[in-house]
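The following blocks contain the structures, represented as structure tokens.
The following pair of complexes shares a single chain, chain A, combined with chain B in the former and chain C in the latter.
This part shows the complex of A and B:
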């Protein structure tokens, strides 16, 4: 059974605005140094909840910080998409679950499709319902995200004009 | 007595571990190996005392991969309803009995980075097989409470095999080291906690874990008895939609007992509200949930009853059976 969650376009961990999760008694804020104002705003909302903050310049610093945290901690993450993916994976590798993560993406969220003709993932316009893969196949963007393939399943179809004999 | 699917075995070794705990080893009587199991599994034993058949569930303590024999350990319960007393006083080497296939409601979580076991008294038993089933990339620690080293079953064995990961908590020694819930505050992220022992201890640790912010998925426990107060129960009538029967449930029996008495093929397993095997859909009536299986959300959202311990809030209940 493959059950390691990954960060994807519709992940339950994503939020537009960070807000303290009440069940947890501790907080760990992992924030890109460039957006430290976000960390300060959250800190103010946490009141007297014990918290630790890491303002990172690169994500190499993140693992040691995560491992130091104790059970009962909620991780609040502020980063761009690529960094957030790395931090999410590191947190999961160290045993955190999606329930213990809240992530605010700075900039665009990214959406990927997995082509069922050439079996490769590629980035797509988040709004598109149909796309063309690099292999030439036309794909319907399916509703199912594959954690194994790291993309929404893309179902090949023959466009009407090409389908006419 | 031979129940379909059960395994015939005989006792080939009995060890007195402490003054109140005996270890029993079973070997198969037929020319087949025993099924493998997973750490934390238990089985049901069927032993007969004339007309009375004692059905009792016990955790397996032997190596889950060992198919030559199984081992269990039984504490002689001072409030025994007959089962543990019979095992201690009447069962001997060479006696034959039936056992069920192993089942596991207390399995190790495969996503944990670190397992922490909290045992009290005979609650050590499931952890003995779990310690032998840890994955290579996971770590483990055991906290084991007993009154004294003499009353601590498997003390020498644990010291020898798992001394580096085991902390003994003796409450009646010159320097008592009581087991407290505070230990849980210091477990690293990715830890899963497991509790087994008296109901009061399990409930105390479970509640503390949630108050320390542990997610529900990281908290696991097993009970050996329901710990319910059955002194002020009210009788009620249960109506069955499938058979159309109406059955009176007295204040002295559980809904499950009443169903079985009337020959209804109702599902069940642990009989202490811990496994969910007896869960039945409720068509009409309110339920007084008394189990340890359904979460608070489940109790609100699911219109079901665990027949082994939960009851009707009013005088009538209709269930889909």
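This part shows the complex of A and C:
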């Protein structure tokens, strides 16, 4: 569905540090094998909460693992941005809500802008306030995100008018 | 290319929905029951405005019209509703002949006739919602009710005020109104209150409210053309504001669709140049008073901050002139 949750730069599911959500009856950890220490650290905090862990090399096995989990499970995900996007989408397709997802990104988070001139999204420097689109339009990076357009709004402006070269 | 010639303004002041009821204006949930439930109105500018709307739709189809493929049933529901309303209110201007699913719609003002099969979009030149909307001067936005929110699934918008059917497609009521900064006296977010109110609207009992803005030599400001209109706003002076700045009034009507349960937003946008306010002295006085008292946050939100001072200065000069003349008449 077009209004299903998506993983984006300011998603409420993103966290700097994984921490157990106490009101869930079970935890499922999906962790890039290269960062299994993260899974171990979380596991230690879960105490007697039942849990299952998937350490993955690639995301192919993720769907089966998610489908196997019972209702009331919270998913904790440790992955790079591209893998996290795939896992997030899979989890949502299988019925998970944002409340049931907590994600720690290893490496950089990606940010996209949607150009209001050429109607295409493109990746930008997350710190940038102004960018130039591939179509040539200069854009102010807006604060609003569209799940349908898959980017933050890019307001077109004339550089001379705002003193930007 | 994008045309922005202002080729119409309200000429019948009796149909102009003057927005101010007191000498100062603040946002509130000002919805009231709609007395005339029929949304079709033929103003003296009907033909000019419909032709302007169609031109915009043709010039920027992706900006002005958006829909999801799954909305087709709702589109037919809309077409049936507005065509039947048109025929009921203005039988001399519109005709709808039904022969089973074979329908013929006649618009006698524009001298147009279209025969189509109800339920078969391939028999129309545009999607049913787009086709039907092109016969009326209003903008039409369909918000589908899912759980306790509304989602924009179809939009035909030619007179946007910081809005874009393209950008806002698929957004919830809350997301669309994300930039609205206003909170009520008891701390509730205004948008949240209005959304909750809309949830309670019943079929056959539409509601209405009036929104207003100023436009600097344009009839709309959308995100797609921000690079054009944003610098232009600084060209407004006290000398040219009377002609170039228009009071833009948006009469909004909200209908609960009986089959889809969606809410149809009907937006009747009318324009009155500041210089025409003098045609009704009480409108001039009230507008002058309101514009002097606009809080900064509201001016920024409405996008009028750069030329509000020049507009107020224009009105002040006119006011001074009027008072001078009145004094001279008194003395003479």
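One rule holds in what follows: the second predicted complex is superposed on the first by the 158 of 165 C-alpha atoms of A that agree within 3 Å, B and C clash if a C-alpha of one lies under 4 Å from a C-alpha of the other, contacts with A are read in each partner's own complex, and residues count from 1 in each chain.
Rule of thumb we're sticking to: contacts are C-beta pairs under 8 Å (C-beta built on N, C-alpha and C of every residue); 3 or more make two chains touch, one makes a residue touch a chain.
The structure displayed is predicted, hence computed values, not measured ones.
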* Using the overlay on chain A, decide if chain B and chain C clash or can fit next to each other. => fit
* To do: Figure out whether A:153 sits in contact with chain B (first) or chain C (second), or with both, or with neither.
  => second
* Applying the touch criterion given at the start, work out whether A:96 contacts chain B, chain C, both or neither, answering first, second, both or neither. => first
* Tell me which partner A:63 touches in the superposition: chain B (first), chain C (second), both or neither. => neither
* Touching partner for A:137 - first (chain B), second (chain C), both, neither -> second
* With the two structures laid over each other on chain A, which partner does A:71 touch: chain B (first), chain C (second), both, or neither? -> first
* Asked: Roughly what angle, nearest 10 degrees, sits at the C-alpha centre of chain A between those of chain B and chain C?
  -> 60
* In the overlay, answer first, second, both or neither for which of chain B and chain C A:25 touches. => first
* Looking at the overlay, what does A:119 touch: chain B (first), chain C (second), both, or neither? -> second
* Structure fact -> Taking every C-alpha pair between chain B and chain C in the superposed model, the minimum, in Å, is 6
* **Contact residues common to both interfaces of chain A (with chain B and with chain C)** => 3
* To do: Using the touch rule from the top, collect the residues of chain B that touch chain A in their complex.
  => 110-114, 184-191, 193, 211-215, 217-218
* Complex contacts: residues of chain A adjacent to chain C -> 2-3, 114, 116-117, 119, 137-138, 144, 146-149, 153, 155-158, 161
* To do: Going by the contact rule at the top, pick out the chain C residues touching chain A in the complex.
  => 62, 68, 146, 151, 164, 166-167, 169-172, 175, 178-179, 223-227, 230-231
* Taking the complex as given, what residues does chain A use to touch chain B? -> 3-4, 23-26, 66-67, 69-74, 94-97, 99-100
